[in-house]
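One structure, as structure tokens, below. Some questions next.
In this document, chain identifiers A, B, C and D correspond to the written order of the chains, with residue numbering beginning at 1 in each.
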């Protein structure tokens, strides 16, 4: 029985590789069906994860202490939104939609906006010309920054075409090399799992 | 000593000072704009020209596919394109493939239609949201009615006179997609390639370079990327919207970062140092060469 | 100043997140915990409405028994809630891993490896463009050399790997500089929201 | 919409992919054989980032602070996530051996379940299941910035001594790496998304670039069979380089259609 799950992985994986080469509509229907099932399994995993999140923060609330009030906020938000969403739906005009627009959306976009600050502090700290590699990194980044804004054009009209060239030539070359390596690595990793060569994902070292 | 000490302290500058500078560089130009000039790139010019070349009074299919997280880049585009269409007396038919999209579009429509004095169902139609992205884009090739039996506000499509002769890509001289995701690929594959419709794309700045090849292959007639693309479009259409307002702040923040980096390197030289200051992490070069 | 409750909520949450830039504090902690609960709840509600209802509950209601398979797998996954039943989840995991590894093998082969190779083997651009094509080829080969694992970086291989890392650094610099604008756009939008929609000190759009 | 139903049992446009895939599988099996025959015969150059991983876990143990392992924001359809799961079990084993704390907040709920079972197994094998606390591996929220908020909170309050980022990363990379940098943790990253690599390179002590992420699991496992797959990848890289150079040479002699052979539908 310990082997059973690995056999299942192999069968499902090998079948989906085969289906890629079979345009027959029945084969494609099988693939759609399997993906549908995977989505349902995902929904259960999400439920499982949310239950454990609820338990974690529920325990913190029960344990009391100065952090309990924060965990209570998580628990309350999770429960209220889940219940409202299951009962009433999540479309335009529902309570969940209103909460999403007033809470989730501004929080997400403000967190995202903080990146503008971090990108500046990272540039200040890391862009130091200590050696050839660091100097190349810093020089290209500065040229790109100048080439993208109005004031850059103002300083030198050659900035915008230079940035295009940087993107189209050296950047493309490096990305292509990385992409092929990543592709091969990904194919090898997935094959190792299908063939049962690497079982560490289930804790088999 | 004092001088050397100053540079040394700069190397260890608390990052919160940088945050303050970035914050000021953003807020001050928004409050006191200087309106730096914006030069349109050929890609955005082509986008604008394509909208200009549609005969007056024609319908235009507009798919606005983004959610609040990236509205900063795409909402100004939507407003600018809508206002340009309205000015040219074109009739936009609008839809979205994202569940959180309608709220944003409603706002964009309110701003644009108010500014240009246009009325819903007469000058434009908003079909609302429909799930199933790729299958909807395919379905639009056959029948808009089966995909969207009612508009966003619940009016049956057949009761809207503007929609009388409109039912598929074939009935529109132009399709415009403003998208922050792979939806753009579907429109290129289906609307542009399969149904041979002239297609214009607006997308986030990070996405834009991925779509250059479609311009040279002719699958896209124009491309607008990020806030800068939107600012160029506003400039061409003679509008002054959020994108152009934002470009001053963009310039300022970029300049602040460039100056900080230069100062950091001067400090590095002055303090004689390839020695790392505390808090300084490995730069790009500390990896194995 | 805005008179809308939602706008006030949005503005206060925006400020809570911005306060993180100074340092960790109770307002950020509150926003963080609210966000986790709201996001987890929203996802659960959306999965229920958009996956479980149309793909499992409704078909089962119509007498279609196929969704019993993912339902069984999903229940096995929920078995993890108790120690005794937790090993049943291995089957659900095996199925899920099999599906996505199977899809990944041909997908990465096609999108990463073949698409890039097809691009790399296109005829060179004419005239001066040929120099760019040659640079792209050199960059591509040297980056591949950098990623070559089965030989030490010595001699000719070492030299090419070094050039490869230069190309990588230029590409990284370009990516970094190019991204600044996108991030700043998001910050501008948040500041515009605060100054205009909430405080009303900026002119309307 | 109503196209005729396809009844072909093979797509001729994909024959090139079939050939490529078969060749790669062949490379894999040849090298597996080589590895089994002469386990020490395969040379693999070292990756400093992975050597640093042991040091980082050691330092965390000395300081009595936990190791934070972050498996990326990809879902299971991205192979980078699969790599993150396999690496997690290797990291968990070392952490269990050393007896230091481990925190694994997850973005994807399925990944959380996988890593939880892999980690439990690793602790069992190390004979330390008693020190495995439930909650070590925890699903947070499958929403990008909600996850980021929770993880930055964890970094600031639990003060992990080492942050290990492995998997597919997106815009959050810089956010997390900058926060981790500020807390003074040793940071080791591995990422297969080219657009995010510059941010890790700038804010982390060590970064595994692109495919090095996929090689990491094999490196940490150190079994010959695992290393064989890396050699197979190298053979495929040589083949790719040969194809590209050959195509360039061929175009000079007037054969300009090589790229069409590699086009797929």
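Observations on the model:
What we mean here is this: contacts are C-beta pairs under 8 Å (C-beta built on N, C-alpha and C of every residue); 3 or more make two chains touch, one makes a residue touch a chain.
The model shown is predicted, which means the values in this text are computed figures rather than measured ones.
Greatest centre-to-centre distance from chain C is found for B, with centres as Cα means. Inter-chain contacts peak for the pair A-C, counting C-beta pairs in contact.
Inter-chain spacing, taken between the CA centroids of chain B and chain D, is 33 Å.
The distance from the centre of chain C to the centre of chain D, with each centre set as the mean of the Cα atoms, comes to 15 Å. With each centre defined as the average position of its C-alpha atoms, the distance from chain A to chain C rounds to 3 Å. With each centre defined as the average position of its C-alpha atoms, the distance from chain A to chain B rounds to 22 Å. Residues of chain D in contact with at least two other chains: 17, 21, 24, 79, 82, 110, 113-114, 117, 140-143, 145-146, 149, 181, 194-195, 198-199, 201-203, 209-211, 215, 230, 233, 237, 240. Multi-chain contact residues, meaning those touching two or more other chains, occur in chain B at positions 15, 19, 22, 26, 69, 71-72, 99, 206, 209, 228, 250, 253-254, 257, 281-287, 289.
Among all residues of chain C, those that touch two or more other chains are 20-21, 29, 31-32, 35-36, 38-40, 42-43, 46, 77, 80, 90, 93, 96-97, 100-101, 103-106, 108-109, 113, 117, 119-120, 137, 140-141, 144, 147, 165, 168-169, 171-173, 175-176, 178-181, 184, 186-187, 189-190. Listing the residues of chain C that touch chain D in their complex gives 20, 24, 28-29, 31-32, 35-36, 38-40, 42-43, 77, 80, 86, 89-90, 93, 96-97, 100-101, 103-106, 108-110, 113-115, 117-124, 137, 140-141, 144, 147-153, 168, 171-173, 175-176, 179. Per the touch definition, chain B reaches chain C in the complex via residues 16, 19, 22, 26-27, 30-31, 70-73, 75, 79, 99, 111, 131, 204-206, 209, 226-228, 241-242, 245-246, 249-250, 253-254, 257, 284-285, 287, 289. Chain D meets chain C in the complex at residues 16-17, 20-21, 24, 42-45, 76-79, 82, 110, 113-114, 116-117, 140-143, 145-147, 149-150, 152-153, 156-157, 194-195, 197-199, 201-202, 209-212, 215, 230-231, 233-234, 237, 240-241, 243-245, 247-248, 251, 256, 258-260, 262-264. Looking at the complex, you find that chain A touches chain D at residues 17, 20-25, 28, 41-42, 45-46, 48-50, 52-53, 56, 104, 107-108, 111-112, 114-115, 118-119, 121-123, 125-127, 137, 141, 174-175, 178-182, 184-193, 197-198, 200-205. The residues of chain C lying in touch with chain B in their complex are 21-22, 46, 50, 162, 165, 169, 172-173, 178-182, 184-192, 195, 201-202, 204-205.
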